[in-house]
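In the two complexes below, chain A is the common chain; its partner is chain B in one and chain C in the other.
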Partner chain A sequence: MNELVFFINNVVIAGSVTGSIYAIGAVGVTLIFSIMRFAHFAHGDMMTFGAFMVLLLTTAFPGAGAAIGVPTALVLLPLAMALTALLAVGIDRAFYKPLRAHGVKPIVLVIGSLGVTLMLQGLIRLFAGTGGQSLYIDDRKEIFRLALPFEGARAPVVVTEPQLYLFVITLVAVVGLHLFLSRSRLGKAMRAMSDNPDLAQASGINTNTIVAVTWVIAGALAAIAGTLLSLDVTFKPDLSFFLLLPIFAAAIVGGVGHPYGAVAGGFVVGFAETLAVFNWSVLLRPFRDSLPEWLTQAGNLAFVGTEYKIVVPFFILVVILVWRPTGIFKGKVI
Partner chain B sequence: MDTKRADTVAAPGRFPLRELLLFAAVLVAVLGVYAVMGPAYSTRMLVEASCYAILALGLTIQWGYAGQFNAGVMGFVALGGFCAMFFSIPVNEAFWGSELPGELGRVLLYMVTAVLVVFAATRLDRLGVPKRLRTVIAVMLAVVLYLVVINALRGVTDQIESRAGFIGGLGLPVGVGWIIGGALAGGVGYFIGRVCLGLRSDYLAIATLGIAEIIKAFLKNSDWLTRGTATVSPLPWPVPGPSEVGFTLARALYLSVTAVMIAAIFFLLSRAYHAPWGRMIRAIRDNEISAAAMGKDINKRRLEIFVLGCILMGIGGAALASFNSMFDPQGYLPLNHTFLVLVMVILGGPGNNLGTIFGAVAVYIIWIMSEPLALFLMELAVTFGEGAFGWDAPTNLDSRALQARVFVIGLLITLVLRYAPKGLLPEKVRHHG
Partner chain C sequence: MAAIIYVQHVHKAFGGLRVINDCSIQVEQGSITGLIGPNGAGKSTLFNIIAGALPLDSGRILLDGEEITNRPANELFHKGLLRTFQIAHEFSQMTALENLMMVPPAQAGETLFNAWLKPSLVTMQEAEVRRRALEVIDFIGLHHVRNELAGNLSGGQKKLLELGRTMMTDARVVLLDEIAAGVNRTLLGDLVTNIERLNREMGYTFLVIEHDMDMIARLCDPVIVLAQGSVMVEGSIEEIQNDPQVIEAYFGAAS
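This part shows the complex of A and B:
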């Protein structure tokens, strides 16, 4: 039974955590793509920026959380979301809008977003240094150990406090986004513009407003994803290049332009990563008497070492591009 | 009304004032660096700039000639550097004297057999096996064989690391490593191109960004092959080294080698650009649909040019690694080896080889000089701050000051795209009548 607990800790929980973070990031990427038709490479740095804002605010008001009983970082998250949304709209006005007005090819916008990536990275590192920092400044990270009601299960299932918040917030964000897209007037206009921008404009939808709303949503979601990731581990200024590939892989797996597909893709990529680095020989241990010797002798049955984790999203990306470029939910072919 | 466009082919050649001015400015800058920093330092800067020029030429044919955006130059540079290291450093007797090469060969043989078996399994439908069943069989076989091979490989590589350190080199002439480095980079480029070039260009950017990080992770963590973070040095030079003829002369000799390479590449690329092949490539870049309607095989041509660019990047990376005389997988950074090259190309003029070389040299000089400048400015700000407001400066100031360069490179990219999308020396597009 201990092996099963080990599996739950290392695959089910860890996979849901990374999956949720990738899902929230991928939703932003896919929304930006469906409205503005380019792959936004600065998304990873927007996530870092959101987390950095939380770090700054937490340093400024360390006692804010204790009053309500939740971690300070989460209390200040809405403020950081607003700031990141503001940054996203500002970046669009300053850098992407002029390029769009020139009628450049989408790939030039991609290069522009890489330029923005570097600028954000430089700024964040200039102010935050290059080392990792914890977002828990005054609070303690609580760890819940749930013992399983089985005989022989000695090791408990371990869930930390930020992970619980992560699941709740992901659920709220996804349901909220669903309601927004399917019920509200703006959300419907967004979907219309994603389907056919010319027709949307002709039927009286203000495309500038839609673009701004898209950036606000993407920026806010990026701030959530970045903060939750930093809460789970630590805040590191140079996360973005390692986040970009899984997020894009998730968006493409789910079908580009499909917010729900992106959520599913995020969990696919997250679970694939944790399953690939999981050492399967642990699960074989209870059956060691009935298995042939060469199988039990193999010490490490992980598909890839943790240092090669980044291979997994790339592999998924290649497979999906070869096998079904539209993604599993039939998105657009970009 | 005369609707005919001006025929620039027949028009008399314009005096190349802009080119002359820009290159004169670069020459003045180089002479200035020589006067301030001394000949040994400045020659080193020029050699590195010339290696970057080869990389930039590789990117300019991908982005300028064909409109493909490669966001993973770093990976191809690292592959070239690895080949330069692997083929040129001396043979490691501790490895070749033991039975380990045989073991490693056996694992490689397993690997080839496994690939062949899986490939054969994907062809089972020719024997009447239902397609769905064939896919299941092939995937299962691939997973099981992969685990078997990777476990065998882990065993051998652990042995190599504990008994011989790493497998060492082959002790061949430096040029062999450079050529094979180019070939290997081209091979990886072929794989990426096959997957992505049929789709929209965003996919290529994502995939190249990913493969670059993977190549770096592989080289960094394969201690048995590259010594990983312990780095390999010294790498031999193709010309007499500094210990034989002194720093300045040795570096000048190296510069002559890279200069000859650039001249040869430049000549060949110009020929290709003006040949029917180059015209076809530009036609595809400018209007894919009409080029396809004219019967051009778009995907094949795109693949050709992408692989060609990757080969150049591999060669440039090999020359760079040999010159640094050290192979350090951790030293490959997206900023230094991808975005710096990108700035060189878009600032100099994508699609214009002369402009690209100008961009490479000019941007590299600015890049090298910005390091002391950034530190100086930061110190100035701190002294001022301490005097005026009584700040206490953070301790890791110099590492932070260097981050300002990241910001500047990013700003440069966005500004150039906005205000000079064709670069300082734009590509001269000729209209034929």
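This part shows the complex of A and C:
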């Protein structure tokens, strides 16, 4: 039974955490792609910016959360989302919009976003320093130990407070986005524009508004992903940047331009990563007597070593793209 | 009659190629005006300029006395100036009916505020839009394919859908860009009938680019002949067909 608990802690929970963060990040990337048709490389740093805003706000109002019993960082998250959304719209106005107005090819926008990446990262480093900082300034990170009601399960399932919030917020964000895209007129207009921008404009849809709304959504989601990631680990100026490639892998695996695909892709990549580095010998221990010796004697039965974790998303990417070239959900338009 | 569209001294060049050269035309209120000319005469460019899809180099355009030079297409839509595309455009991932339902302007659901706070109002308007879309889809004879993805329709059906799109809102002027191209004869008859009905019953003004001379002859009066980016002749179809200049430039080999 302890082996099962070990599996839950190291695969189910760890995979869901990684998967949720990839999913929220990939949804933003995929939305930007479906509306503006370019890969937005600065997305990781928009995530960092969101977390940085939370860090600043938490430092400014350390007691804000204690009053209602929620971590201060989460109380201030909506404000950080608004600020990041504002930043995203501002970046678009300053850098991407002039490029679009000149009718450049998408690759120019991609390179532009690479410039924005460097700029944002530099700015955040300038103000936040290069080291790691905890977002828990005045609060304590709660750790829940749930004992399983089974005979012989001595080790508890361990979930931390930020992880629980992460699951809840991911669920709310995904359901909310689904309702927005499928029900609201604005969401339908976004679908229309991702399908055929010329026709959308000739049908009276203000494409500038749609672009701005897309950045607001992407910015807010980036702030959520960055903050929850930093709550789970610590805040570092390059933390989210290193997630950029797996997030892109997740978006592509799901079918680029397809928000539900991005969510699915996020979890596929997240779980693939955790399963790949999981040490399976622990699970085999109860069956020791009935298995061949060479299998039970091996100390580490992980598919790849932890240091190769970053390779896994790309392996999954290649496999899925061979099997289904347009991604799990056949993306292109929302 | 008053002119609803005034194009005044418009110039447009792509690089060194002068496509529209001091072009001035008028479209009378309530008319079905034809725009013809040999390939490369600048018909589609002029269309795109009027429809707000291309910026012009100089000159100005008036819609019912109001200057609309270089206004974006979505603004023109709300002023009642609609267009169809030479190559039929559709929202491929939506059904034919949903395509039509995308069109109507100024719905309450357009603003986030209403979408979240007044869902009943939005639902009521949706129902109204749906009713109208069903009427339109009957009118253009696509009732049997209303729930098919628009991307799967045939070329001719997409053209009909384009015409249907213009009927979803109270248009004043509709620009039709080669609506007959790729449409079979029977369907073409329906199209012409529909255009005439819209003109007569709803008071739509049409500006029509067309290569099909039968359709021009049946539908359009007056007809404007464009050549090398400016107006060559303007008049009724009989006048055009008997004009020596036009015969040489346009009907040339045929006559």
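Basically, the second predicted complex is superposed on the first by the 327 of 334 C-alpha atoms of A that agree within 3 Å, B and C clash if a C-alpha of one lies under 4 Å from a C-alpha of the other, contacts with A are read in each partner's own complex, and residues count from 1 in each chain.
Criterion: contacts are C-beta pairs under 8 Å (C-beta built on N, C-alpha and C of every residue); 3 or more make two chains touch, one makes a residue touch a chain.
Quick caveat: nothing in here was measured; it's all calculated off a predicted structure.
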{"item": "Touching partner for A:260 - first (chain B), second (chain C), both, neither", "value": "neither"}
{"item": "Touching partner for A:6 - first (chain B), second (chain C), both, neither", "value": "neither"}
{"item": "First (chain B), second (chain C), both or neither touched by A:61", "value": "neither"}
{"item": "Which of chain B and chain C A:206 touches, first, second, both or neither", "value": "second"}
{"item": "Touched partner set for A:195, first chain B, second chain C, both or neither", "value": "second"}
{"item": "Which superposed partner A:325 touches (first chain B, second chain C, both, neither)", "value": "first"}
{"item": "Larger contact residue set on chain A - chain B or chain C", "value": "B"}
{"item": "Partner chain in contact with A:115 - chain B first, chain C second, else both or neither", "value": "first"}
{"item": "Touched partner set for A:99, first chain B, second chain C, both or neither", "value": "first"}
{"item": "Contacts of A:184 with chain B and chain C, given as first, second, both or neither", "value": "second"}
{"item": "Set intersection of chain A contacts, chain C complex versus chain B complex", "value": "333"}
{"item": "Sites on chain A touched by chain C in the complex", "value": "183-186, 188-189, 191-192, 195-196, 198-207, 333"}
{"item": "Residues of chain C that touch chain A when the two form their complex", "value": "51, 53, 72-74, 77-78, 82-83, 85, 89-94, 102-103, 105, 107-112, 115-116, 122, 165, 169"}
{"item": "For the chain A and chain B complex, residues of the former touching the latter", "value": "38-39, 41, 95, 98-99, 102, 104-108, 110-112, 114-123, 125-126, 129-130, 241-242, 244-245, 248, 252, 298, 300-301, 303, 305, 307-308, 310-311, 313-314, 317-318, 321-322, 325, 333-334"}
{"item": "Complex contacts: residues of chain B adjacent to chain A", "value": "67, 69, 71, 146-147, 150-151, 154, 195-196, 199-203, 205-207, 209-211, 213-214, 217-218, 220-221, 334-335, 339, 342, 346, 394, 396, 399-400, 403-414, 417-418, 421"}
